[in-house]
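So, here's a batch of structures to check.
Note that chain A is present in both complexes that follow, paired respectively with chain B and with chain C.
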Partner chain A sequence: MMKLEAVIQPSRFESVKDALREIGVEGMTVTEVRGHGRQKGHTEVYRGREYTVDLLPKIKLEMVLPDALVNRVVDTILKSAKTGKIGDGKIFLSRVDEAIRIRNEERGENAL
Partner chain B sequence: MRIAARPGLLQGSRPLTKNMQESPTPLSVLGPQADAERQKIRQEFEAGTSARDTLHAICELADHHVRQIFGEVLRVQNREPEGLCLLALGGYGRRMLFPYSDLDILFLFGSERTEQEFRPLISEFARTLWDLGFRVSSAGRTLEESKRIEEDNAEFHLALLDRRFLVGDAALFEKLDEKVLPGSERQARAFMLGQLHRLTRDRLTRYGNTIFHLEPNVKDSPGGMRDYQATTWLRRLAEEKKGIRNITAAEEELCASAVDFLSATRCFLHYSNGRNDNTLTYELQEAAAERALGIGDGVKRTPAEWMRQYFRHARTLNRHLLRYLEQRAPVPLTLRQRLRNAARVAKYDVPLSKYFHVRDGLLEISDLSALSDRAITYSFFAECARTGTPLSREAERCLGYVLIHPELPPKNTEMGWEMLREILGSDYPGLALRPMQRLGLLAEVLPEFALIDSLVVRDFYHRYTVDEHTLRTIEHLQELADPPDERGAHFTQLWKTAERRDLLILALLLHDVGKGMPVENHVTGSLAALDSAAKRLKLSSEERGEIQALIEHHLDMSATVQRRDIFDPATVAGFAESVTNQERLQRLCLLTYADIHAVNPEALTPWKAEMLWQLFVATSNYFSRTLDRDRLRAHDEVSLLGRIQASAGGRASTEEIERFLEGFPRRYLAMHSAEQIATHFGMYRKLSEEPVGTQVAATRHGFVLTLLTADRPALFATISGVLAGWGMNINKADAFSNGAGIILDTFYFTDLHRTLELNPSEIARFRKSLEDVLGGKAALEPLLKGRESARRARTPKVTVPTHINFDDSSSAHCTLLEIVTQDHPGLLYEIGSVLARLGCNIEVALIDTEGHKAIDVFYLTAQGKKLAAQKQELLREVLQGTLS
Partner chain C sequence: MKCRGCRCSLLFVLGSMLLAAAPLAGEPAPSLLTANPSRAAALFFETPEPAQHVAEKLAELDQRITAAQSSADNAWMLVSAALVLMMTGPGLALFYGGLVRRKNTLAIMMQSFALMALITVMWALVGYSLCFGGSGPVVGGFEHAFLRGVGAEPNPDYAGTIPQMTFMVYQLMFAVITPALITGATAERMRFSGTVLFMVLWFLVVYAPLAHMVWGKGGLLSASLGGKFPTLDFAGGTVVHISSGVSALVCALYLGKRTGYPRQPMPPHSLVLSFIGACLLWVGWFGFNAGSALAAGSLASSAFVATHFGAAAAALAWSAAEWIKNGRASALGAISGAVAGLVAITPAAGFVGPMPALVIGAVAGVCCFAMVTRVKAAFGYDDALDAFGVHGAGGTIGALLTGVFAQQVVNPIFGVGKAVGGLDGHWGQVGNQLVGVLVAWAFALVGTTVLLKIVDLLTGLRVPEEHEQEGLDITQHGEEAYNLET
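Coming up: the complex of A and B.
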């Protein structure tokens, strides 16, 4: 099992979600986050006051996937989240040792 | 109510189950008996027995088994009950025991010694009841302990108010009931009232202080059974005297009917869920509606219809609770509250003062007989909205009484737009609209709103009914005057400076009305509702157009924030194009803020609030920086041309009107109504006779000067100078020019010395003065003499640093100059003079103030071109020197 964390543009979230649903991925955790990588922020002046937007809004998706599905999900996210501009985000993958469904204590991929 | 058991009560006991099994009525017999009885009660309830009888039967069953088991346990132990008795408390005590509710039982001991002796017996008793399917929640006290008030256990003392003797030593109970508790309860009355207030307020706050939850908890939500119980306790603790603010027979009847309905619902929930779960879920709403639960006529309802019944009853219980909470406030007001209340005391117009007054920070009715006159009733609400003084619950009750009694025929029932907009445009519209909705007056004024009254629309995100969501949007806006958390911080200034808030609030009242109509897209329905409301209220076409745009686009800003890249200039430009102007952007931003906020308490995350703000700032800047890009092509404005022609009585040709309009920035249309533009055109036609056309009119907050003339050097500076010379403070201004070099300047100003206000004849002299100075017949300097020294003598309370910014990229033809500086009378004259002296021509100007801060944007050219870098530097230097 792999844990996938993807940080994407908020504007791409609906497309990513729909694309994932099409390939059968329905469960995910979504968080509104702020941050920056290479895409630095900018300063906006409104009525004489400077607003520095150094942490840009992003959406973070988290999901744990069976190994067989990982590549497909990664491809889907890449396709649907990409705009080609700096700030499109990143995908992180890490191995997961165990998953347990609290309701019935199922374990492993059955619990996903 | 959970009663905290004293530690140790059920510990260290010796199991006696074996002995019980040997008794003449063993568990093996009692268990099935109890189950059969429960089943029978349930079947009878499902067959139509009233909730009242069902609760009574459940209570009887519990009483029977409590007494039987207690007797059995004593028999096995070979004891007499002397020195021990059992009391039913809380809901069990008042015989309102729901199918899966706990049995709250108090073990009362004569002394500590008897407590020690009976402890094993009690443990066995409780365990046996559990085995028979009764959930026992027990506590134990000696008679001596019962005299003390446990300050950390107010729930116990409140439950004790509903005590009822069950079994055991009757003399002991009599001693407690007649000798011990009356004295201690009297002494602790203030404490218990205070605690009851605290517990109730905490509970109401936990549920967002509203009955209108999509899936309410029929016990604990506002309007639930707990409200009824808290009201009963409040009345008992306050030792309500008959005849004084008492409940009328009709109100009592409504309450009883509400209690019956909610009891039936709660029974149904317990039976359906098989446990003490009081959440009225969507699924169970459907099932309840199917069997017309609590209505009794057997006619199947839709879930929405049945929920309306539920909310009607919940509203009755909640209204009574709130009235009693308000009347019996046991805690003295804090100094802050007292000062706040004192500050709220309204200055009444003389004719109104005999109808109402302020007491303890609440608006009370002085003359009940006046209430049948709706004009007076609405003036109460206008006062609430204007001053932020809430209507007292007692006043609301009086209004409610008058509204439903036909022997008091209402007068002046028609509420015109003028009165309604006074309420909607005030600082606290929610304070008036909330009670107006509870009383049915909002639906009287705006019948379209009745379509969403108590309407449950199921979706994953919304927590409240549609009407509740709508009222919350308005309350979230009025909160912006003093935002309760960081999410509102950016939007405060937008709310404070928003013009025509009445249009924004009316748009909010109607934005979701379509959800109550059989239409595919609720926006279509809401627009249809606006059509009928606009006709009835006789809104002008501009007012209607603005509200229509707000309703039509009410989801756009939220959608843009969530689905578009708001940092992409193309997104901002596209969004700005759909919004069309700055004023609408401000209203739309406030509407979006409120609409998201009112979905549920967590919906407007700081993240979303920040995104919304970023889009607002980017779009606002886009408007300021692209003002001269979008110029009017008069030929395309067919409808406007027609209206101006009609206003001119057909005396003007289309070509003449087109010549006037051609080349004005499009923003000119956004800032002026067709009627105003027609007036401007009238002034334009007279230019040959009057080279300087002026008009001065009073507004809500001051005056507005409109001036139309041919362009000339230092025009803007001269007008500003005359205004400064007359002691007028310019708050806002705009200066536009058409393609033929005709200048139209509008100045909104306050009359610092009330010269024009107190001497209306001075308006003519003021206009003459302007015309003379601009026409070269009089000099400006003598006017300004004296004003300068007065200005220098005043020290500003807040210091605003000066920012001067040039922007060459936003406009194709002009250099933008943005100045943010300390506002003071004559400021615009100073800036205008510098610009004129350095040969800068003002193509467009937007002048605004925000408290002590002046925010001015000028589109400048020099000899028809953008300002050279050198000139910009010189201008910056001179302006810095002048303004600092």
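Coming up: the complex of A and C.
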């Protein structure tokens, strides 16, 4: 099992979600987050005072996947989240030791 | 302040019609229009009984006309009073509420709301009397303390066609919003207890005397009730905006900067709230300015139009200045400009025509833009929400320009045919305006400084730094504006 975390542009979220549903991803957790990588922020001016806003709004997707699905999911996100501009975000993968469904205590990939 | 000419001539016409018709009463009714006036007059002098009848009829008619005019004026004035209250809550509360950081939203709104209640009670006890009772040069007396003698009868010194009760409650709404404006300068760092005590004292020591001096009978600056330096202030340029704006500057200097200002970013947390607030202020201002005609006649129309035009020109002027300087016209700039224009047109509203109103608005828009962007940064004081930059500066500009543009064709306040403002041929009025402005500045500067010292000793003014960091909503009021988890 692998955990996949992807930080993407809010404007790409809907197409990423649709593309993932098409390839059979059944569940995900989504959060609105703020952050920045190498992308520069922008300035805002309120009554003459300038503020640099460097934490920009992003969407963070989290899902735990059976090993067989990981590569397809990564490809799908790469394709559907890309705008080609700086600020498109990143994907992080990490190994997950165990998953347990709370309702019936199933374990492992069955619990996903 | 109003002309009763229309009423008199109406009475005259109705009276002559009655004179013409009365002797024919009892005869099979010929039409009023065909009655022969000379015959009627002859009959009138021959028979005393119908004359008495005519006098009675006339008195009755006079009564009815008075009642009709009173009803019309009273309806407008009650609506105006409600509009002015709407300027404080929700207008100003939303405008300021959106400009602070989210952790201080309820605190700033609560200050406006608390004043709605606090000043109302003070007004009932002594406030109205200190402003409009008695006829001293500086402050009123206790003639109307506890609203003694304030009832259905008009007070002919101020508003001869509406119940004094209406005049009283209308003027109250001005007393409510004025101290509320100051909270824009003390925002995000002043204790609630200190705010309450300071505002009560400020209302008694600064507002009441200024209101009496400018609007009260025998007041030093009164334009129409025997003032030594007749200052034109139609709806509160000196009394409301200079007094609150200059006091706001003193408060900002005395309290010191917010922790982290100007290093740390403190952008408005919701310009949507501010936007709604500013639009409510604009609408409410019709009650503030057009209502200050104290009647529903043509002067109210004139003030209504001047108010609207001033606001529009100022919104455009501020936006244009911003567009040139920053390359963009912001929503905050447009609404701030409108408020600056409304402030500046306040003293002028019932004295100037629509074209001067556009000029006053445009000048105020550009000047107030420079005040909040350049002057504030140059001097480094932390007038958090620009109460001084908009109300102090806008009020001063408006008061002086009123002296330039006031016209007797709009409002013959010094008597029919007598020039009012500079362009009318009476440049001395600009000097009078200057005296009014200086008195208001001096009163606000000295009064506020002394009161801040006193309140500082009694309750303290600033919250501790850790409370400022945590936000005034939680530390002063024990609640939060936005509970997103619930």
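Simple rule for what comes next: the second predicted complex is superposed on the first by the 108 of 112 C-alpha atoms of A that agree within 3 Å, B and C clash if a C-alpha of one lies under 4 Å from a C-alpha of the other, contacts with A are read in each partner's own complex, and residues count from 1 in each chain.
Rule of thumb we're sticking to: contacts are C-beta pairs under 8 Å (C-beta built on N, C-alpha and C of every residue); 3 or more make two chains touch, one makes a residue touch a chain.
Bear in mind that the values here come from a model prediction, so they are computed numbers and not experimental data.
Contact with neither chain B nor chain C is seen for A:95 once the two complexes are overlaid on the shared chain. When the two complexes are overlaid, the chain among chain B and chain C that reaches more residues of chain A is B. Of the two partner chains, chain B is the only one that A:14 touches; chain C does not reach it. Of the two partner chains, neither chain B nor chain C is touched by A:103.
On chain A, the surface patch touched by chain B in one complex and by chain C in the other comprises residues 44-48, 51. Residues 44-49, 51-52 of chain A are the ones that touch chain C when the two sit in their complex. Looking at the complex, you find that chain A touches chain B at residues 9-11, 13-14, 32-34, 42, 44-48, 51, 53, 56-57, 83.
The residues of chain B lying in touch with chain A in their complex are 561-567, 605, 607-608, 610-611, 614, 617-618, 620-621, 800, 803, 805, 818, 820, 848, 850, 853, 855. In the complex of the two chains, the chain C residues touching chain A come out as 262, 265, 267-268, 326, 328, 330, 332-333, 336, 372-374, 376-377, 386.
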